[in-house]
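You will see chain A twice below: alongside chain B first, and alongside chain C after that.
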Partner chain A sequence: MNAVAADPAPSRRVGAFVEPLLGLAVILLGWELAARVLAGTFILASPLEVARYLAQNTGLMSRALAETLGNAALGFLWGNLAAVALATVAILWPVTQRTLSGLALLVFCLPLVATGPILRVLYGPGDGPQVTLAAMAVYYTTYVPLLVGLRAAPSSWFELIRSYGRGRGSELVHVRAMAALPYLFAGLQIAAPAAFLGAMVGEFTGAERGMGVLTIRAMRALDVPATWALACTAAAVSIAAYAAIGALARALTKAPPPVILASPDTSGLRRNKPILNAFITLVLALALWWGAMAAFDLTPFFAKRPGDVLEALLLAPDAAQTRTTLLAALGETAKLVVPGYLAGLALGAGLATLLTLVPAAAAVAMPLAVSLRSVPIVTTAPLAVLLLGRGPAGTITLVAVMVFFPTFVACLHGLRQAPGQILDVLRSYAAGPVARLVHVRLPAMLPAFFAAARMGVPASVLAVTVVEWLGTGQGVGALMALSASLSDYDMLWSSIVVVALVSVLGYAGVAWVEARILSRYAAEQVAR
Partner chain B sequence: MTEPAEIVCTGLAKSFGATEVVRPTDLAFAAGQTTALVGPSGCGKSTLLRLVAGLETPSAGEVSIAGAPPAETLRQGALSMAFQDPSLLPWRTVRGNVTLALKLARQPVDAEAISRLIELVGLGGFGDTRPAALSGGMRQRAAIARAMVTRPRVLLLDEPFGAVDELTRQQLAEDLPPLWEARGATTLLVTHSVSEAVMLSDRVLVFSGRPARVVADIAVPLDRPRRASLSTDPAFLARTSEVSEALAAGMAETRPRLAAQ
Partner chain C sequence: MSQTRLTRRSLLAAGSAGLGALALGRPAHAQTSVAFQLSWLHSVQFAGSYIAQENGAWAERGLDVQLLQGGPNAPVEPPVISGTALMGISGVDYTAPAVNEGAPFKIIFVAMQKNPFVVASLSGAPIERPQDLVGKRIGMALANMPVLQALCTLNDVNIDEIELVPTQYTATPLLSGDVDCLLCWETDLPVAMIIQGAEPVTMLLADYGYELHSQCYIATEESIANRRDELRALLEGEIAGWTAYREDTDAAAELTVNKFPDLGLDLETQKLQAERQVPLMFSDVSDENGFGWWTEESVARNIETMKLLGFEVTPDLWDRSILEEIHGA
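And now, the complex of A and B:
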């Protein structure tokens, strides 16, 4: 009788155990094959070697894991709390929204190459930098989708609250908080591997214990099994956290998403004064920058102030030279980051879409996607260089991987935001999965997709600078590394500032396209 | 009734967990007839329509349309349902929503016919407006246009005029039935208005409170086309009072206090 089953998702009881095992087998097999092909290159260890290493060094690894896990968990907590706090302020006082988003973006853009050492100087020895970097790696990717979710409710729900004479506080508690849940969980799922990686990167900057320390040591010693044992442990932890958050999300978000009718009022688009907002954000950013330098009393030799950068770029005798070098490096980087960014977006959205059409494929694709993101870029960079050469392909691939994961997760959650009532309408015409996808799920996914597209801008810039720094020796990442090693702090800071500005411009460009498309598909995102 | 039965429910029952919503019921709906379903709020009328549309799986019994499971009719694009909530796609205009139904039912898109239908439900000039900029009643009328545009063989209307003012409602009640009757559609219409039930239908089924059980099956052998003037006709009034009494009796079964008031 039940020929018109809803979505295939709930009906996979039997497959629930078989499919993941099958997926694991496929991944292990591919990995073993790759290791055999690359045998002797000191790049990739086989699963067996990794298992042997883990068995022989259980004590060492579990101590390191406990250390890093602790830092990552703290960073995850603080970063997400910061994201929730920022998003709450932005919703309660809408005038602050653009400035807050701008500052959050700028801080997220700061290259690890620069922030790592500075944090180490600020905190001295201890866990401070690790926790801070883990928090900095997650707050932004939670903030952006959360803000989208906080707006994802029909205007009649807000009118109900206002009809009782209540304000934005009640709206937040009674309407927005629930509407935001699916988006919050998407952010948390993106954050889980990011926090772990952030903690490891923090340990790279001179901690005494933890998996980051072991990774650096293993890589210096060309201990391939150790390197990959560490990478696998990181991936396993990330997958477990990802799955746990996913299970929690499914348990807590039972109600089918509503049809979101929002007044197609685009005055929000017009009211928004981009130049004024950019100016306020700039002034605040400069003030914060200057204030931070002064407050921590950092030596002007390496901690440059806004004035120093202005001078280096515009007034100094060699300013023209500085600008030329910087622009040339930026040009090289742009050639890699733009295709990588677009490929990552397309792959993320594409795979998420594919998985809603063929849910059985999730068992293989999901662990692979999470591990791709959580295996440290430091470990994968040499592999990508080896497989794809020093040319652009390797860098583009790594950038694409960094953009891919948040896009994939956000789009997966976004596709589930298809309103149940509208899916019913399609079912009453026996519409197939493709028609449901095209007419309902994809439009419902758009807000999440654009959130991912905005997050992807700084993420791809971060990725490209790290790869250039560690691997290819070209572009603005290499320029920063070179400047740092030559103690040319004027050039380093100028690069940081210019990279941040370019990221902001890219972000603004994406937001411009988004506003135009969402004014039709998700007016609630644009109106307020 | 001489017509063969188009929709047949045998032993049809539905529970949601421990909540029994539709009690085991045998029902048959003749081809081309319009049947009005009335009953207290929450008794299971929408659930019954969803069962007929194959959107809910019965807990017991089965539904067949033209001798086959509903899924077959859905696949032919020969069934339309106007949901109690208009359920329009927010990102499509009125015309876009109506057009989508034709595409989903794999029928050719006739722009002319769509415009005429939009005009007929009183939305002329709003074809390019999106649902958020329509009033509640206008959204409902757009949903009716969407349900009718595919000229379905089975038409399920769940309180189609619930949010429409009295005069527009009368207008629609005059204009729309000839369209679905001309096509020979088997129509099930849920309504809370007793006079509307009698005015629009060939037969009125009165349900008790939840779990739904048929307490009266009243034929309405009045001539068509029916005009608003019919509402003062003694034959019409006799039917409406019959329906009202059955409704009250059904209520008394399950909610004695409310009915007594």
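And now, the complex of A and C:
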């Protein structure tokens, strides 16, 4: 798997075909067994039932797939273009970076339950909300690794550019863009299932057709084979996109990763002004919020302004009650999202590390990991809650799955960024795989791991609110759905603001830890 | 009544044709486009509207109606208040809170006279009266707690003696034996259970004092004042469509399935649902006064039920004036 791995024996070519097939066989077998155990409970359809459903409803399914896939692809394109544009601006004008990242994060943290109906009113009938939600589901997960990648170049290369008297533009084209490619592809791979999920959720806002629409119908009608056929089709498409992007990445990024030497720079931490940056971001966000509502002339009945939320939370006579309700719901949600998030991170990093030590395990682990994440959470959430119960286990598991996959992919890419020369040095001293892992690969993985850990914060919030909304009917996700159905838009917007702020704070907390660790292990990421 | 409208419109059409509509290459009688926001995904639940659309009941009244599908993340109130839709389908229990929040809505038509909430159980251990709920496990969305509370208050049942199991909106927990009954709608989960081969028994909450108009058509006060003709034509088309629906529910189900081939609708399910919603939509009141009608007494009982649910409602939430013009009261 590694660029410097020097043992591509002829048998590997056979293995390339056998391993994925073996993995698939193991998954199918486990699935069939599980379906037999759960027969008659209306939870899980067996692979055979799914195949039969697909054979009988090929036309229906392919029309729905074409619709959703088209919207997901458009959203994928727009979202990733936006990510590249944002990252380019942030690198060319580093002053803007903190504010840009903050705003991008805030928008990414807006809960789907709330953004869906507003987009529908803005766009009217059509594909607008589906494409927009797909784009919003991906831009951030591409932006973050891309920013990491754009900085993952040795300072000597920048010095070379500067010695020719060239500026930031040339740096970007000749050094940063090349260094960022592997990170960009990692982001795109994570984006593929996310775009599909975004398009499906977009269809919940009243779309005429598509796989999300079929999912709602199938779940209501107890049509278990249809539900799983939808989940499998969505997963298959996401896996195909994941594999295709991976193949493209391998074809385009042949150069081995460079040695990046940067001196630990703890002074860099003090140079940033976190409070000032946060303040600027907040003011800009409020201005954008207010400006957007005024520009689109949205009625204050459902499109609340910053002042309305302030009043609902602090000034109104029932403000205390609003706060109590909201905090109680948040507390319920926190009990689920924190363990799920930590478990997902640990599993992702752990499995990626394990695969480096025991590459053979990849045959089963990789397809399983990809398919777990590719099954859209909107189809699995209600079923998983039925299967694992309404207690914390079901929700925590789903949150962990959502965090696990991006972490796993990012860490795998990170581990591959270990410079060959340094690995060679260790090898020449007969250092074993564990020593190489600890001294070279793990430090090389850290920037990617922390980028994933940061992205995992909004991803886990998205997961938990979707599960609560469609599955358990508890916590802040359910509170938002209920508020929307009862036209309690003050409560809905207060929830949006609080959820977004909590997500941003969580993100900032991870970034704080990251800055302290990376200033020792990957100083180029911290230096400005 | 509609005779005078037609005459007036044909006059207008003749006039505008003379003024150069031909030069624009448009038909002499231009259609007004309006949108009607449905409350859920397309299904036979709205089949009367599909019939109105297919039979030209709206076209002959000068309307080009776009039926907007709903969904789990598509509340009805925002498109109606922002003017995307002229009219929307709501319920008293959703419209009243919206009005309390400042939305200028009026209920102008009641398509479902009887509230569709039921307690569904299986024929082996049926729940036929509210008193049967005592000691049983009921599966329901926590959001529907006030509904159960209202039913208990109306029938002197102590809600503490019922075991509440929070479930999603699906029949699975009942079929797997995790609960003894479900709080759901007459027209969806019981139908799904029958299609899956189970034998559900349903107890209609409306038969035990829980009176709330469902599938109410709402419009803003501004539309009622300024776009009255369009609303009236919209409702006239609805009445024509639902009258045809009642005559042949199987045909309505077939039309629905054929009209939306991309939704994966099952014909048998749709036929059964179409049949089951007839007694909820038509009553002696609607037979006597015309479809969509309601009485002052039922408004008073709705207000009582809403009070049990914790909402203060006044009779001016309902506006029967357009319906009175149509049915000539």
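Definition applied: the second predicted complex is superposed on the first by the 514 of 528 C-alpha atoms of A that agree within 3 Å, B and C clash if a C-alpha of one lies under 4 Å from a C-alpha of the other, contacts with A are read in each partner's own complex, and residues count from 1 in each chain.
The criterion applied here is as follows: a contact is a pair of C-beta atoms (placed from the backbone, for glycine too) under 8 Å apart; a residue touches a chain by one contact, two chains touch by 3 or more.
Since we're looking at a predicted model, the values are computed, not measured.
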Assess the superposed three-chain arrangement around chain A: do chain B and chain C clash, or do they fit?
fit
Touching A:209, do we find chain B (first), chain C (second), both, or neither?
second
Is A:120 touching the first partner chain B, the second partner chain C, both, or neither of them?
second
Pick one for A:431: touches chain B only (first), chain C only (second), both, or neither.
first
Tell me the contact category for A:422 with respect to chain B and chain C: first, second, both or neither.
first
From the overlay on chain A, compute the angle at chain A's CA centre subtended by chain B and chain C, rounding to the nearest 10 degrees.
170
Return first, second, both or neither, reflecting whether A:305 touches chain B, chain C, both chains, or no partner chain.
neither
State whether A:220 touches chain B only (first), chain C only (second), both chains, or neither.
second
For A:63 in the superposed arrangement: first (chain B), second (chain C), both or neither?
second
Looking only at chain A, is it chain B or chain C that touches more of its residues?
C
Which superposed partner A:174 touches (first chain B, second chain C, both, neither):
neither
Look across chain B and chain C in the superposition and give the shortest C-alpha distance you find, in Å.
49
Determine where on chain A the residues touched by chain B overlap those touched by chain C, and list them.
none
Could you please specify the touching residues of chain A with respect to chain B in the complex?
1-4, 155, 259-264, 419, 421-422, 424-431, 435, 439-440, 443, 520-523
Looking at the complex, which residues from chain C come into contact with chain A?
35, 41, 66, 68-75, 77-79, 81-82, 84, 94, 97-98, 101-103, 141-143, 166-173, 175-176, 188-189, 192-193, 195-196, 261-266, 269
Once bound in the complex, which stretches of chain A touch chain C?
40-43, 57, 60, 63-64, 67, 112-113, 116-118, 120-121, 124-125, 201, 203-209, 213-214, 216-222, 226, 298-299, 301-302, 382, 385-386, 390, 470-474, 478, 482, 484-490
Using the touch definition up top, name the residues of chain B that touch chain A in the complex.
50, 53-55, 57-58, 62-63, 69-72, 74-75, 77, 79-81, 83, 85, 87-91, 100-101, 104-105, 130-133, 150
